[in-house]
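The following pair of complexes shares a single chain, chain A, combined with chain B in the former and chain C in the latter.
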Partner chain A sequence: MRWALSDSNSKRRRLPESGQWPDKLMVPAIIAAAVFSTAGFLDAMLRVGPVNGASVNGFALIGGQVVDHVQLLSQKIFYFHMPVAIVSFVLLVFAAYYCVRYLVSRELRFDTCAQVAMEVSLLFVILTMVTGDLWTRFEWGVWWTWDPRLTTYLILMLIIIAYFILRNAVDEPERRATYCSVIGVIAFVDVPICFMITRLIPSSLHPVVTRQGGMTGDMAAALALCLIGMLLVGFVLYRARFAQVRVDQRVQALKDELALFEEEGRAGAGSADVWPFSDAPLAAEPHTQPSGED
Partner chain B sequence: MDPILADIYSTIVPSAPYLIGAYALLWCALLAFILVIVRHVRKSEKQLVLLEEEVADLKAARAQRGVAGDAPADGGQE
Partner chain C sequence: MARRSKGLSAVRQYRLLLGKDLRQEFRTLDLLSSMLIYAVLVIIVYGASLATGAADADIAPLSGGLLWALIVFTSLLGLNRSFAHEREQGALEGILLAPLDRGAVYLAKATSNLLFMLVTEVIAVPLYFFFMASGVTASTVGWLALVLLVGTVGMAGIGTMLATITAHTRGRDVLLAVLFIPLIFPLLYACASATTAAIVGGAFWMDTYSLGLMLAGAYDAIMLAVCWWLYDFVIGA
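What follows is the complex of A and B.
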C-alpha cells in the first residue's frame, strides 16, 4: 500500500502543472520575446531593403545604388507572417502529443494541456490568416483565393474550430477528452499537408522561399529574430493560459466541494448537528474529494 | 518626382496601410489575449482565496463538532 501511494504520488508529480520549472522561465522568456521581436521588427523595417519586384523601364540611383526594379514593401509582412504560422504548427504538434498522451494514459490533465495548446494555436492560425490576407489583398488584389496553401490552412483552422465546438457539445469529461483527442490528432495530420502543399502542387500561387531562390543573409537574420521572438511569445501565452485554466479548475473543484458539503448538510438536516457558518446544516464528510487534477 | 523613381517606388506607399495593419492587428491581438488572461487569473485567484477560506472554516467547524460529538453523553449533565 505504501508503495502504491508513493507510486501514485510520483505519477502525480510527473503531470504537467502550473508553477513547475517552465513557469520559472516565464519572466526571462517575456523579456527575451520582447527583445527578439523588437530587434526583428527594426531589422526587417530599417536594415533589410524592400524586395525587388518586376523591372521598370529605366533605372535610378538611390543611396549610391542603381535600382531598376519595383520595390515591394508589402513583402515585409512575411517577417512576422511566416513565424506566426510556424508557431501555430509547433503548438499543434504539442497539442497532438498531449492528445496521444491522453489516449494512452486517460489522464485528464493531458487533455487540459491539449486544449490550451489548441487555443493558443487557434490564435496564431487566425493571425496567420489575417496577416496573409492583408498581403494577398495588396499583391493579388483579392481578399481570398482558393490557392492550395490557403485552402489547406483554412481546413486546418476549421478543424481547430470543430475541436472547440465538440468540446462544448459533450458534457462527460472522459468522453469529451477522447473525442477531442482524436480531433487533435486529425488537426496534426493536416500540418505537414499544409506545409508541403506548395511543394506538392507547384502551380500554387503562394510564394515559396526555396523555390524563389532562397533568402539573402540579412533577410534570414531578420526572419530568425522574429521567429525566435514569436516562439517565445507562443511559449509565454501557453504557460499563462495553462496557469489560468488550472486556477479555474481549482476554483471549480472547491465550488463542487462546497456544494457537496451543503448537499450533505441538507441530507442530514434531521440530525441534531446544525452547521454554524451557513444556513445549510452539515452532517457528513463528502463522499469524494475533488482532486482538481483534471 | 522622377518618373522612373516613382515607378520604382510605386508599391511602397499603397502597400503601407496593409503592412501597418498587419503588424498592428498582430500585436493588438496578442496583447489582448495576454490582458484577458491576466484579468481572468486575478479574478479567479481572489475567488480561490475566498473559497479556500470557506472550505477550511467548514472543515474546522466540522472537526470541532466531531470532537464535541465524541464526548460522553452524560458529560454535560455533571
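What follows is the complex of A and C.
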C-alpha cells in the first residue's frame, strides 16, 4: 500500500546497499598497506644497490657500489613508478570487468563499481605520469619524448579522462551507465592494440627505449614490497571511495522515497487532516476514503 | 501487415536506411558542402602556418601526418552533423520503433558516413597535394588511395558509434572530439606511418607501408566487430 505509486512502475528501485564484506578488511588492509609501502620505501632507498653500470660523478657508497647522488635518486623512482603503473592497469582491468557486467546484467551498482575503479585508476595513472616525468627528466634529460610507451600511456590517460567527461555530460543514470560501460569496454580493447601498434611500427625519429639486463634479487624484493604495498593502497582507496559513493546514493534514494511517500500521503488521503490518525493506514486506497462530506 | 509479419531481410533494411540517408543528403548537400569547405580551410591554415618558416623546406616527411590531421578534423565535423537530422524530428525514435535489426541500423549509418567522408576526400586530398605536396608521383596514388580507404573505414565505424553516444549528451560536439581522437589513435598512427612511407619512398618503404596497412586493417576489423556488438546497447539506451 505504502509503495503503491512506485509499484506501478515495472520494478521498484531497490535501495543501494552498502557495507559488504570487503569493508571488514579495511583496517587490516590500511595497516598492511602502510607497512608494505614503508618497508618497500626504506628497502629501496637504503639497502638496494643501483643498476649495474650506472655512471658516477660524485661519490656515495650504497649497497656495496659507488654511485653519484643524482643517478642514485632517479633510479629509486623505478621502485615506485612500476608498481603504480601496474596498479593502474589492474584497476583498469577491474573497471572493464564491471563495465561488461553492467552491460550484461543492467544493475547500476556495477556501473558504480566501474566508475570508482576508473577514478582510482586515474589517480594512479597520474602518479605514474608524474614519477615517469621525473625519470625522463633526470635520466634522459627531457620532460617528454614520444616514446611508444609514453605515447600509449598518454592516450590511455586521455581515454580515462574522456570517460569522466562523458559521465558528466549525461543525466539519466541508466543511459549514462550504458554509454560509459560501452566506452570502458572499447577503451580496454583499444589500449593493448595501441601499445602493440606503436611498438611494431618502426619510427626512425623516436627509438624504442629498451631495458636490458636483469634485476638482482634484492631489487626484485624491494620491487615486490612496493608492489604489494601499492596494490593494497589501491584496494583501500577503491573500497573507501566505493563506500562513500554508495552511501551517497543510498541517502539520495532514501530522500526520493521519502518525497514520494509524502506526496502519496498528500494525494492519496485527500482529507488526511481531518481523518482520525489513530488506526487508519497512512495512505489508504482513495475509494475507501470519505471524501469531503464533512 | 503482411510485410511486417514476413519481416524485411537485413540486407533490405540496410539498403532502405542507407538510401534514406543518401537521399536526404543529396537533396540538401548540407553536410558535404560544409565538410568540403572546412577541408579547404584547413589546407589554407596549413599553408599560412607553414609558408612563413618553410618556404623552401622539405615537408614531404610531414605531409602524411598533416594529411591525416586534415582527414580527422574533417571527419569529426561530418560525424557531429550525422545525427543532427535523426535528433531534430525524432527520426531516431521512429527508426527504433520500427522492427529493424540494430546491426543493420549501425551498418547503414556507418556506410553513409563513410560515403560522405570518401566523397570529401576525393576532392580534398588532390587539393591537398596540389597545394602542399605536389611532388607525389603517379605510381604512389594507388597506394595512397588504398591506405586512405582503410583508414576512413575505421574512422567511419568508430565515429558512428561515438556519434550515437554523444548525440544524447550535453556539449556533444566537444565530447565527440574528446572520445574520437584517443580511440582512433592506433589507426591514425598506422595510417600516418604508411602514408608517409608511400610519399617519402626509399628502399624499404614497402615494408613500413605494408606493416602499417596490415595493422590498420586489423584494427578496423577488431573495432568494427566490437562496435557492431556494442551498438545494440548504445542505441537502446
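Everything that follows uses one rule, which is that the second predicted complex is superposed on the first by the 196 of 294 C-alpha atoms of A that agree within 3 Å, B and C clash if a C-alpha of one lies under 4 Å from a C-alpha of the other, contacts with A are read in each partner's own complex, and residues count from 1 in each chain.
Keep in mind that, in the parts below, a contact is a pair of C-beta atoms (placed from the backbone, for glycine too) under 8 Å apart; a residue touches a chain by one contact, two chains touch by 3 or more.
This structure is a prediction, so every number in the text was calculated from the model and none was measured.
*Asks:* Based on the superposed arrangement, let me know which partner A:179 touches: chain B (first), chain C (second), both, or neither?
*Replies:* In the superposition, A:179 contacts chain C only.
*Asks:* Once the structures are superposed on A, label A:244 by its partner contacts, choosing first (chain B), second (chain C), both or neither.
*Replies:* After superposition on chain A, A:244 lies in contact with chain B alone.
*Asks:* Look at A:197 in the shared chain and tell me whether it touches chain B only, chain C only, both, or neither; answer first, second, both or neither.
*Replies:* In the superposed model, A:197 contacts chain C only, not chain B.
*Asks:* Going by the touch definition up top, name the partner, chain B or chain C, that contacts more of chain A.
*Replies:* The partner that reaches more residues of chain A in the superposed model: B.
*Asks:* Is A:142 touching anything from chain B or chain C once the two structures are fitted on A? First, second, both or neither.
*Replies:* The answer is neither, since A:142 touches no partner chain.
*Asks:* If we overlay the two complexes on their shared chain A, which of chain B and chain C does A:189 touch? Say first, second, both or neither.
*Replies:* Once the two structures are laid over each other on A, A:189 reaches chain C alone.
*Asks:* Between chain B (first) and chain C (second), which, if any, makes contact with A:46: first, second, both or neither?
*Replies:* It touches nothing on chain B or chain C.
*Asks:* Under the stated touch criterion, which partner chain does A:162 make contact with: chain B (first), chain C (second), both, or neither?
*Replies:* second
*Asks:* Determine where on chain A the residues touched by chain B overlap those touched by chain C, and list them.
*Replies:* Correct list for chain A: none, the interfaces share no residue.
*Asks:* Considering only the defined contacts, which chain C positions touch chain A in the complex?
*Replies:* The contact residues of chain C facing chain A are 161, 165-166, 168-172, 175, 178-179, 181-183, 185-186, 189-190, 193, 208, 211-212, 215, 219, 222-223, 226-227, 230, 233-234, 236-237.
*Asks:* Under the stated contact criterion, what part of chain B meets chain A in this complex?
*Replies:* 2-5, 7-12, 14-16, 18-19, 21-23, 25-26, 29-30, 33-34, 37-38, 40-41, 44-45, 47-48, 51-52, 54-55, 57-58, 61-62, 65, 69
*Asks:* Which of the residues in chain A end up touching chain C in this complex?
*Replies:* Going by the criterion above, the answer is residues 103, 155, 158-159, 161-162, 165-166, 169-171, 174-175, 178-179, 181-183, 185-187, 189-190, 193-194, 196-198, 200-203.
*Asks:* Given the complex with chain B, which residues does chain A contribute to the contact?
*Replies:* 41, 50, 53, 56-60, 62, 67-74, 76-77, 80-81, 84, 123, 126-127, 130-131, 134-135, 137-138, 233, 236-237, 240-241, 243-244, 247-248, 250-251, 254-255, 257-258, 261, 273, 275-278, 282, 285
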